[in-house]
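Two complexes, one shared chain (chain A), two partners (chain B, chain C).
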Partner chain A sequence: MDKNRVSVDQLALLYLLIVMGGKFLTLPSLLAGDVGHDSWLAVTFGFVWDGICLCFLLWAIKLNNASRLDISSILDKSLSKPVSKLLLAIFFVIFVLRTNILLSSCYKMFSVTFDVSTNWIVYVLPVAALAFFATVKGFNAVARTGQLLFALILIAVVALFISPLREAEFGALLPVGEAGWGKILLTSYTRSFWFSDYIFIYFVLDGIKIKKRVFAPMLISFGVGALLSILLNAVFVSLFGYLAPQFDMAMSKIGVFSAASTTNGRWDWLTLSIWLVSVFIKVVIFIFCAYKCIEKFVGKRFVKFNWIAASVVLLTLSLPMFVSTDALLDTVVKWGVIPFTLVQYVLPLLMPLLTKVAQRKTEVSGE
Partner chain B sequence: MKISFDKFQKLWQGQDDFRVRKIVCGITLNAVCLDTMCDGVKVSDFVLQPLAYITEAKNIDEIEQKLAASTGVRRPPNFFAAIEDFTNGYTLVFDEKDNCIAVDTRTAVGRSVAEPPTSMVMRGPREGFVEDIKVNITLLRKRLKTPNFKIINLAVGKYTNTAVSVCYIEGIADKRIVDDIVQRLESVKTDGVLDSSYLARYLDVNKTFLFRRVGSTEKPDIAVGKMLEGRIAVISDGSPMVLTLPYLFVEDMQSPGDYYENSTMTTLSRSLRFVSVIASVLLPALYVCLQVYNYQIIPLRFLITVLNASEAIPFSPLTEMILVLIVFDILREANLRMPSAVGISLSLVGAIVLGDAAVQAGLLGAPAVMIGALSGIGLFTMPDNTLILSLLRLAVTFVGGVMGLLGVIVSTLTIIVYLASMQDYKTPFLAPFAPDIPEDRQDAVAQIPVPNMKKRPKSIPNENDNRRG
Partner chain C sequence: MSNFKRIGAVLLFFVAIGVIAVSFKGSNVLDRAIILGIGVDAADDGGVVMTAEVVSPGNGTEQVGTFSKIVTVKGETINVAIQNVAEVTGKEASLGQCVVLVLGQEYCEKVNFGDLTEYFINHHSFKESAVVCCCEGSARELFNKGNALAQSMSLAIATALLDEAEKIAVANNSLLEFARSQNELHCTGFLNRVRFVPSQNTDSSSPDKEMGFISYREICVFRANKYVATLSEQAVKGMSLFSPDVYGETFVSFQDTVTRTVQVTEKSVKLEPDGKGGFKAEIEATVRYGRTDSEEVSGPITAKNDKEIPREVLDDVAEQMRYVAEKFLAEQVKYDFDLLKFHEAYRQKQGTTAALADKPMSDFPVELSVKVKED
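This part shows the complex of A and B:
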């Protein structure tokens, strides 16, 4: 059995978990800082772009079903090896940066919300160990884990939402577009680093098992994920108004409204912990992809677990020890947004074409 | 095929139970048997008496025809097959030209069929497997009156030459998996097989050794039920435990009595088992990490009770819980090895005297003892994996105590990833939940009424998924 094979249904559930896993941490407060109560619009625009790109990527998946080419083969054959390596390097940087930002947000959540402060390395090592263990066991094991925990995580998210939803003053979202449509669109672009969660699919392209449908399950997942994220942003801004930019842990702050009184205990923390599982699943997948980036960059299939590649990934995870997350984010917005846009938003649009070209070249060369 | 009588005699000479009888009936014959393995009456009735009446035999073929009184007469193909038959209780008859006939004279010494102590049921059949492979196959055959019930016989173990039978239903079981199992058993190189659990280790494809990867049952009705779902049964002589393959994690949560109860009751009791297993592994860890790091999650009154109870305890919550869990494991281990009468006293001493004394002395807190005991009892709802779950419980508690909720989340995820990655004989261990196979959820934790189960489980590879055709 190919341990990296995954069905479309599994991929769809993982995608939904990933969408839910990353957007409920610091993003809502960052967006609220940029465009105020119109942050939900910025999220909506972000998802519109994501939706278009996802459709193209799904088309490419469908085209690739017969040949089962992996991302490096497609890029090598259609764009040349140097370009392929450059794109893989950009991918690696994205995965590493996003992992770092996710981990540092969780770190902050544990130290601020849960009152547990540890050293960064002590915190990162077990998570990295889990991610490398999952890499050894294969993407299929991660997908199955996602399937097993999906219902539980979804229930936790819904449980966290119910009480705040009743408390929210949605009138605070009016007038719509007050920050200016141009600014909202620009914010949506500058914060695009947080979106395009489908990029992990590039690295399991050759393992996707298509039985019947591709578009329906993936688009349903995307729709639910997008809806929940937009709703969370709207609820967050409705609850906290002008104070929203000050609360950088959206999910834990929203959860406060779920807790009735201390007599009953902070059960919102328990549901929050269950939701955190989705964040760790996202971290595991991104570390898996970063490891795969190195494998494909080197151009050699790692039959056994490669300690050097793992060490490189692990080294990059120590970044927040030297640079603050805010500084990292500023750098990404300033310098990274253009190259990142290339793989996040341009590459998916070209993927069907690139897949076709790669397939044709493969047929010609008789591989 | 020639089988040298001299060589054979030399091999067994000096053994007290080795018997040789020379008979002249036209040709000279030598009948040999192992006194301890043969039934004397059968030797007399099926071998010696018929031979005594023969006066003018010309060759061994004629002798073979005259020994028709026994149902089991055959010609061993080679020397090793002759030894195998001989040690299994067959009487061998040699002529002067080193031709050999094996006559079934096996003795039927052994335990009679009784209710197995490990799988007692309120309702349903009470027959259990015994140590005799022939009886065990009879118990299966009684329930599977079809020519499609097939048996492949093997002998495993250099010295024990243990008879092993691979049983399956042709047309239901996946033949490739049957072949795979037979191939694995044929390739076993070992001195001896004393129980089917020896074989289970060889049948574990990925050699995980952590979780049980091969099912076992002492009840023929359960074995047949599993075979009807496409599984393959492996019977080993000398063992009342019949192995079933492929094996799923949920099988350990299913009790033999589940199929004889109302499906709603079965669903409820299975859900209870499921919840108790999860609670058993996570409860001690959550108790420690909430007490140490996130006590706010605990409701205030409960927190006050816990704090009052553990105020004077000289250990940290983590040490206290680890101690409770280790003491529980020691008691369980001691209880298993004690005769049942002493075991009851030991349980009483452990549960009441030791626990109560520890709490009274202020060494352990009552909530910790209660959580430990609750978690320990819950483990027994999965009897095949109790030990490994107990170890996991210790590990998760330790990590949770050191790292808090992060530790509990990471260690739980690691366990799930590990379980999700396991796959033997094309069967994912966590099916039908991971991967999700909706059709198979009809008999996983929830159970639909048996008449509505029209399809065989998809998680177990089979050649015909329709239960009604």
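This part shows the complex of A and C:
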């Protein structure tokens, strides 16, 4: 049995988990700094583009059901090998950067919110070990873990939201579009690095089991994830106003309001810890994808666990020891938005066409 | 895999676990001085005097309840003062459970304390939802009156201001709301002023023990973290009428040699721009006769066996409400502060402009209507 096989329902749950796992850390404060109380609009636009691209990607998944081609086969056959390798290199950079930024944010949260500190290497090693263990076990193991923890994480997120929702004055979001629609649209593009969480699906394309529905479960997950993210941004900026850009740990600050109505303790720490599991699931998936990028880049299937590929991924996780997260965001991420657009937004739109072309070429060559 | 390799792998695994476990430096709860409340006063040399109510786990035995001690430290800044708590307690200060921040009278009336609120608002452990207030006299004196209350001073203040709005019938503020009010638009906001009121000792077993209670019925106004004024008692009552979450205000009516006390049980407040540059305010209060020592019984199926409140009494109470509400509005104009968020209401329509932020309160006429009905 293929250990990377995953059902559409499992994929949908994982997708929802990783949407919730990354949007509630540094992104809300960055958006608040860019467009103030209109940040929820920038998030909404981000999700609109994501929704359109996801539909095309799902269409491609449906088309690919018969042939079960993997991403490198599709790209090699439809766009040529050099272009395929270029796109895989871009994918690798995105996965590595997003993993580093997520890990840095969690590192900071452990240090300042939970008052647990350590050095970067000792922090990253267990996470990487977990990710490589998942790689060995296959994507199905990650999907099963997501299924097991899904309800718990969702309850934690809802629990974190209830008190702040009551406290927030949504009138603070008025007037709508005060920052200027052009600026809001531009911000949703310049901050697109934090969106398009569906990119991990490219690397499990050949393992997706389709029984009945493809669109419904995925789009429901997408809708719920998008709604929660937009709501969090709206609550965050309406609660913190001019202070929002200063608070780079949105969920940590939002969580404080779970304890607001009582003087009996900090149960937000418990719910926050459970929610953090979704961030680590996201990190594990991105490390898995980075590893797969190397596998597909060298064009050789790793039958056994490849230590060299794992070492390369591990080496890239030491990046925050040399460059601060802010510097990464101001340089690589800022200028990388344009090449990243290729795989985040252009490729999904072309995927149905590329899949068709690849399938036809496969049939012609008789593979 | 040979046996040697297996043993090596197991050993390596345990060594790795050990190294990782040792490298995570958590802080033991027994090594922490958990601060429940902080009081800040001005020091003679320009720094701050910080008084903290501290609980130290591991210092008690099998005692029940909250046993805290009050420590006072000095520092050039609040950050230094918090660090200095360790010198007095031998433990690292922890602010994650701090529920109240009290500013001493001299400190908040003479000092621009923007740095202080900025420090706490940016502190990663300190809850922005904690109560912030000022006090009569010094915060140090107030915190040392805990024995007279027979309970933790921090918890007493926080519980009263956070959870018991209906009992104290006064609007209150969190650190976050206060910090925002001092930096956004018209830059004005308020703090509750708490005061220890001594009472007669009736305990014959300890006749020298000080006794008293905390009064919450005063409010001070600040602009950009500087003291502006203390509201009159009537203005405070008027302000609470405009706060939909606050109820329990009492009014006394003298009619035909009968004195009746009524209490507000519910309130609906509408405050919106009138389209002509001013505001239309509608307060609709539901009242009932004031009760003491009785459990409140209410709801749609409650038997209506109370005597009805005469119409004249309701009209008289409405008139009193109008009077205190106008008193508050007049003080808003007099000292040019905006606690009802008039500027914010216009910002939501027009957007943020410097002209709006600078607009004086006298430019916002208010058309007030007060209605009172029986519960």
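Some observations on this one:
The definition used in the following text is that the second predicted complex is superposed on the first by the 360 of 367 C-alpha atoms of A that agree within 3 Å, B and C clash if a C-alpha of one lies under 4 Å from a C-alpha of the other, contacts with A are read in each partner's own complex, and residues count from 1 in each chain.
Methods note: contacts are C-beta pairs under 8 Å (C-beta built on N, C-alpha and C of every residue); 3 or more make two chains touch, one makes a residue touch a chain.
All figures in this text were calculated on a predicted structure; none of them were measured in a lab.
Of the two partner chains, chain B is the only one touched by A:Ser7; chain C is not. When the shared chain is aligned, chain C comes close enough to touch A:Glu178, but chain B does not. Of the two partner chains placed by the overlay, only chain B lies in contact with A:Trp267; chain C stays clear of it. Once chain A of one complex is fitted onto chain A of the other, the partner contacts of A:Lys300 are absent, as it touches neither chain B nor chain C. Of the two partner chains, both chain B and chain C are touched by A:Pro126. In the superposition on chain A, contact of A:Phe240 is made with chain C only, not with chain B.
Of the two partner chains placed by superposition, only chain C is touched by A:Lys253; chain B is not. When the two structures are aligned on the shared chain, A:Asp115 is found in touch with chain B and with chain C. More chain A residues lie in contact with B than with the other chain of the pair chain B and chain C. Note: residues 114-116, 118, 122, 126, 262-263, 265-266 of chain A belong to the chain B contact set and to the chain C contact set alike, using the contact criterion stated above. Remark: chain A residues 112-119, 122, 125-126, 167, 171-172, 174-175, 178, 239-243, 246, 249, 252-253, 256-257, 259-263, 265-266 touch chain C in the complex. In the complex of the two chains, the chain B residues touching chain A come out as 293-294, 296-303, 399, 403-410, 413-414, 416-418, 420-421, 423, 426, 428, 430, 433-436. Looking at the complex, you find that chain C touches chain A at residues 16, 19-20, 23-27, 94, 96-97, 99, 121-122, 124-125, 127-129, 155, 158-159, 162-163, 174, 176, 179-180, 183-184, 344, 347-352. Those residues of chain A lying in contact with chain B across their complex are 1, 3, 7, 9-10, 106, 110, 114-116, 118, 122-123, 126-127, 129-130, 133-134, 137-138, 140-145, 147-149, 262-267, 269-270, 273, 276-277, 280-281, 284.
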